[in-house]
Amino acid sequence: MNKQNKFDSTIEKIARTTANKTGRRGFIGKLGGFLVGATLLPLLPVDRRGRLKDAHAATTGTMDRSGFKPQDHDTQACDYWRHCSIDGNLCDCCGGTLTSCPPGTSLSPSSWVASCYNPGDDQTYLIAYRDCCGKQTCGRCSCLNTEGELPVYRPEFSNDIVWCFGADNDDMTYHCTISPVVGKAS
Amino acid sequence: MNKQNKFDSTIEKIARTTANKTGRRGFIGKLGGFLVGATLLPLLPVDRRGRLKDAHAATTGTMDRSGFKPQDHDTQACDYWRHCSIDGNLCDCCGGTLTSCPPGTSLSPSSWVASCYNPGDDQTYLIAYRDCCGKQTCGRCSCLNTEGELPVYRPEFSNDIVWCFGADNDDMTYHCTISPVVGKAS
Amino acid sequence: MRIFQHYFRNGRSAIAGKIAIATLLAASQPVLAGGAVPSQLGSEATVQLMDEPTILTAPPSDAKRVYVLDPGAFHMTSQIFTIDGNNSELLGMTDAGKLPHVLLGDNGNFMAVPSTVYNRIARGIRDDYIEVFDTRTLNVIADIDIPEGRFLTAVMEHMATLSTDDKHLLFQQFSPSPAIGLVDLEQQKFVKMMPIPDCYHLFPAPNQNVFMHCRDGSMLQISYDNEGNTQQKPTKVFHPEDDYLFNNPAYSRKSGRLVWPSTNGKIFQANLSESGAEFLKTIEVFSDQQKADKWRPGGWQPVAYHDDRNEIYLLADQRAEWTHKLPSRYVFVIDAASGKQLRRLELGHEITGIGVSQDDKPYLFAVSADDATLYTFDAVTGKELSSIDELGRAPSMVFLPRE
Amino acid sequence: MRIFQHYFRNGRSAIAGKIAIATLLAASQPVLAGGAVPSQLGSEATVQLMDEPTILTAPPSDAKRVYVLDPGAFHMTSQIFTIDGNNSELLGMTDAGKLPHVLLGDNGNFMAVPSTVYNRIARGIRDDYIEVFDTRTLNVIADIDIPEGRFLTAVMEHMATLSTDDKHLLFQQFSPSPAIGLVDLEQQKFVKMMPIPDCYHLFPAPNQNVFMHCRDGSMLQISYDNEGNTQQKPTKVFHPEDDYLFNNPAYSRKSGRLVWPSTNGKIFQANLSESGAEFLKTIEVFSDQQKADKWRPGGWQPVAYHDDRNEIYLLADQRAEWTHKLPSRYVFVIDAASGKQLRRLELGHEITGIGVSQDDKPYLFAVSADDATLYTFDAVTGKELSSIDELGRAPSMVFLPRE
């Protein structure tokens, strides 16, 4: 319950930051304040233990109504902490990795963001989800996580959009999602 | 076992008829002899009891390695006797009926044939399977029946071909299959 | 109705013309496609049958006609299932491309489907278009080219709409800049991308008006003429920033009633008309005790509204925060005037989206993406009446005429 | 190899040219597609990351590279999964249209995929084409237009083929008349539809020869020149009419060995070369006792052949007659010279199709359409080594380099 509260306050902070930068009633806010902080953070919770490849990689860790319960050891499970706001397929199960697109896809430079809690170091990080585009839906490791996910009128937090803006060849087609870290969110 | 033998001999009869008409080593034979007989037969095992619509029409009656075991009461099950050589979807589950295509599809005038045993009257009938075309695969009531089904080099008995030759708009795309009767096969 | 007849008179020949061009193109290829019956197949290819195969036509639409959309999970192709909701009988299917909209016009007599395809499955040349189908024959009666501007999201019912008089179709563009695409259905042609500010959803009102919801919590009223010139007027802010509204509100083209729940259990309502937006008192759905018991709304298409009964149907379950898109097993029926809970229906299945028929013996239609099944309930008693399964990969939305 | 390098030198620019044309076409539309990052998204759209996202490249192909094809059930789109068979690791996916072929050339360095799409999902304008992919980047290195003549059947491995030198690609037409489509891969262009009699499958032999199997039980040897002129010569009849051959025989482009089981448990073999077809002694796979116990072959891709070990792998199970397409749970390993059963592998899963790696520690790859899973076994001991699941809707075939 404590962690949940902490998480909520992070999301609220993002929302307020956005509002502050642009005025509550402005159009779309910017995460500028965040980014400055983020790029100064040298230590990242990147998993350096190598990937725990499970040959039998059925979709696991699916969220239910009891909420998102993050773990920090299996990047190919839906409940891996960085995936807290992914509605789609983990690229790690599609020929990519946690932060790389599969061969033959195109990486969109645009992203939606969420604030995810890492149980490994008890810290919260900002994740910028990027879609790998130009192939049909991967179909493996399908996750529906919605931690901090906002409606479409707050597009920068919405995971319902095909986030392929700026992808090669104008391919607005969804294949899978990677979970790179922007930086600490608190 | 008796029925199985009877069935086999029917298939063989078709094969021989085909061969006789065109010579064993000719190209593709004709079912001419059959058709003359068939069109003279007035009595057909058409189900006149009305359709037994099951609101919960999951795929049922799927064939296993013990072989095709026909029944004569549920036209929406894979094991309904007329479907003995269907590899695909029953139009009866797709908005059509046993002998009608669903709205918006096109009916191919071409067909593959098989000889199916009707347990209701202990007779064997020739069925000319026709594909309804121009929409993507229906997906409901998927059956893989292969009673009397022959390899592609005997195309008139092969259910692996997209049988949309002659369909409207050249749409060589498979939606579902109907099971009209040609006539008695013995 | 006039438009519909127009399609039949002129639309058909327009389509036939397109197909003729396609055939000409094909004929310039060295070899034709497989249209003709191959000569080497012989007589069995056109064997004479004792049965008389036909192509069916669906019965006319009624209040309990239901369309179920399976867009998959952002897949490149979709299926729309036409179902007779009286008895859960499947009447036919319609194909569409990536993340299509399903727009029912003329009391359900036609269906317009804005759609997107690529010529190499998920890459290559993009093509956006609107197909109009006769809902009895499921034949295409118009195929209208539009700019490649559809905003591709998990399907949100009101990101495209027919005007209240069925004369126009409007669809939303997000990139490269916000706009509404205006399509003239009578002329069967695209008119213009009409620039707008950063607003979302399209709720039509009479006389070429449409309302959108903007990021700041206000609505924007847009009047447009036949050439796509607009006048735009904002309403007041009607909901706080931290009440996050669901992506799929209920809106009645007939009455102009907008019913919009938030993830924390409030319902915002407005009556939209040419003269503006009239906002109603916000409903707090759950009691303090229910909130303490973690009752919250959830699902993809979580709300339906019955015009004549003035009843709101809301999908809900006991759940943690931030699980607002997961399915629910219950529907709370709320009086839209008083905000009181009238009854709670236990559906017994994991339901993704709901709709209610607008007749006086209403049925509640509830689709489960998990089960790929549409369940039908008596909307008053909550009794399960029938169901139909095998509806594709992940059917997530239901559509009814006149809603 | 030469062809492959050619693609890299020239193919790329050809493709780039096509895309440029596509862009020009798009630019003539009133509004462009969503390629640019929408201005209204602001800086978060291109936020700077601590991680460095990249696009991966697969390691070079080896003998244990496996491709699994999921064509669905006559669906309009397909997926091809690239898998490192050493450890069942998925390396990437490739899209294709309706009932595509998977043709591996240059020891697995490129993959050619003849495919078919329609511009309105399953109707409208048909487009047949061949895409050539670099198997490391999975990028398209050529897109070759062909006439709309592909014979659309549940995918049969040998209805399209590369020539033994990878210079040509051949595909089969059935309607309106039987023919082979000849494609020049070096020139990246379609050459000609070459008329043939009523024969099926394409088994390439050196120096522009290809063999087909005809309805009467003979083979037809076809020599073709670069312009698509043919010389055709029939072989003797090599199997009786009532031995129904499976639709998917095993054929080694390397050795010219054709291994073709019938549904009643015989195996016909031939060595195909420029000088003709040499037919080997027919193998009777099962003993009288095994036949009495109803052992019969079955599956969609029921046979594989290991060149150096001269071993035949045959999917089989105890089954009724006329169940030849249902999956099997066992593989019988047969000495191709003596016809003797060497060993029987119990797979423990319902297997649809098999392939074997051509190295000296061969793995048997077995795909289950029911489980949507590829299982990997030691081909000698039969021990299950690994598996990978969630491979689409109904993956039914495996392909390996050099087979």
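Chains: A, B, C and D, in written order; residue numbering restarts at 1 for each.
One rule holds for everything that comes next: a residue touches a chain if its C-beta (ideal position, glycine included) is under 8 Å from a C-beta of that chain, and two chains touch if they have at least 3 such contacts.
Composition by chain, UniProt nomenclature: A, B = Methylamine dehydrogenase light chain; C, D = Methylamine dehydrogenase heavy chain.
Treat the numbers as computed from the prediction; the structure is a model and nothing was measured.
Enquirer: What chains touch chain A and also chain D?
Expert: Expected: C.
Enquirer: For the chain pairs B-C and B-D, which is connected through the larger number of C-beta pairs in contact?
Expert: B-C
Enquirer: Just give me the whole-number Å value for how far the CA centre of chain A lies from that of chain B.
Expert: 51
Enquirer: Between chain A and chain C, tell me the centre distance in angstrom, where each centre is the average of that chain's C-alpha atoms.
Expert: Going by mean C-alpha positions, chain A sits 29 Å from chain C.
Enquirer: What is the distance, in whole Å, between the centres of chain B and chain C, each centre taken as the mean of its C-alpha atoms?
Expert: Inter-chain centre distance comes to 37 Å.
Enquirer: Counting only residues that touch at least 2 other chains, which ones in chain A make the list?
Expert: Chain A, residues with two or more chain partners: 27-28, 135-136, 139, 155, 165, 169-170, 172, 175.
Enquirer: Give the residues of chain D touching no fewer than two other chains, as numbers and ranges.
Expert: As it turns out, chain D has residues touching two or more other chains at 26, 32-34, 36-38, 40, 76-77, 95, 121-124, 126, 148, 152, 174-175, 198.
Enquirer: What are all the chain pairs that meet the touch criterion?
Expert: A-C, A-D, B-C, B-D, C-D
Enquirer: Touching chain D in the complex: which residues of chain A?
Expert: For chain A paired with chain D, touching residues are 27-32, 35, 38-39, 41, 44, 46, 53, 55-59, 93-97, 99-107, 109-111, 113, 128, 130, 132, 135-136, 138-141, 155-156, 164-167, 169-170, 172, 175, 178, 180-183.
Enquirer: Mind pulling up the chain D residues that touch chain A in the complex?
Expert: Chain D residues touching chain A: 19, 26, 32-38, 40-58, 77, 79, 82, 87-95, 133, 136-139, 386-390, 392.
Enquirer: Considering the complex alone, what residue numbers of chain C touch chain A?
Expert: Checking each residue of chain C against chain A gives 72-76, 98-99, 116, 118, 121-124, 126, 148, 151-154, 156, 174-175, 197-200, 213-218, 237, 241-242, 244-247, 298, 317-326.
Enquirer: Quick check on the complex: what are the chain B residues that touch chain D?
Expert: Checking each residue of chain B against chain D gives 4, 8, 12, 15, 19, 24-28, 63-68, 87-89, 134-137, 139, 142, 144, 146-155, 158, 160-162, 165, 169-175.
Enquirer: Which chain C residues qualify as touching chain D in the complex?
Expert: Within the complex, chain C contacts chain D at residues 22, 25-26, 29-34, 36-40, 76-77, 95-97, 117, 119-127, 131, 140, 143, 147-149, 152, 173-179, 190, 192-193, 198.
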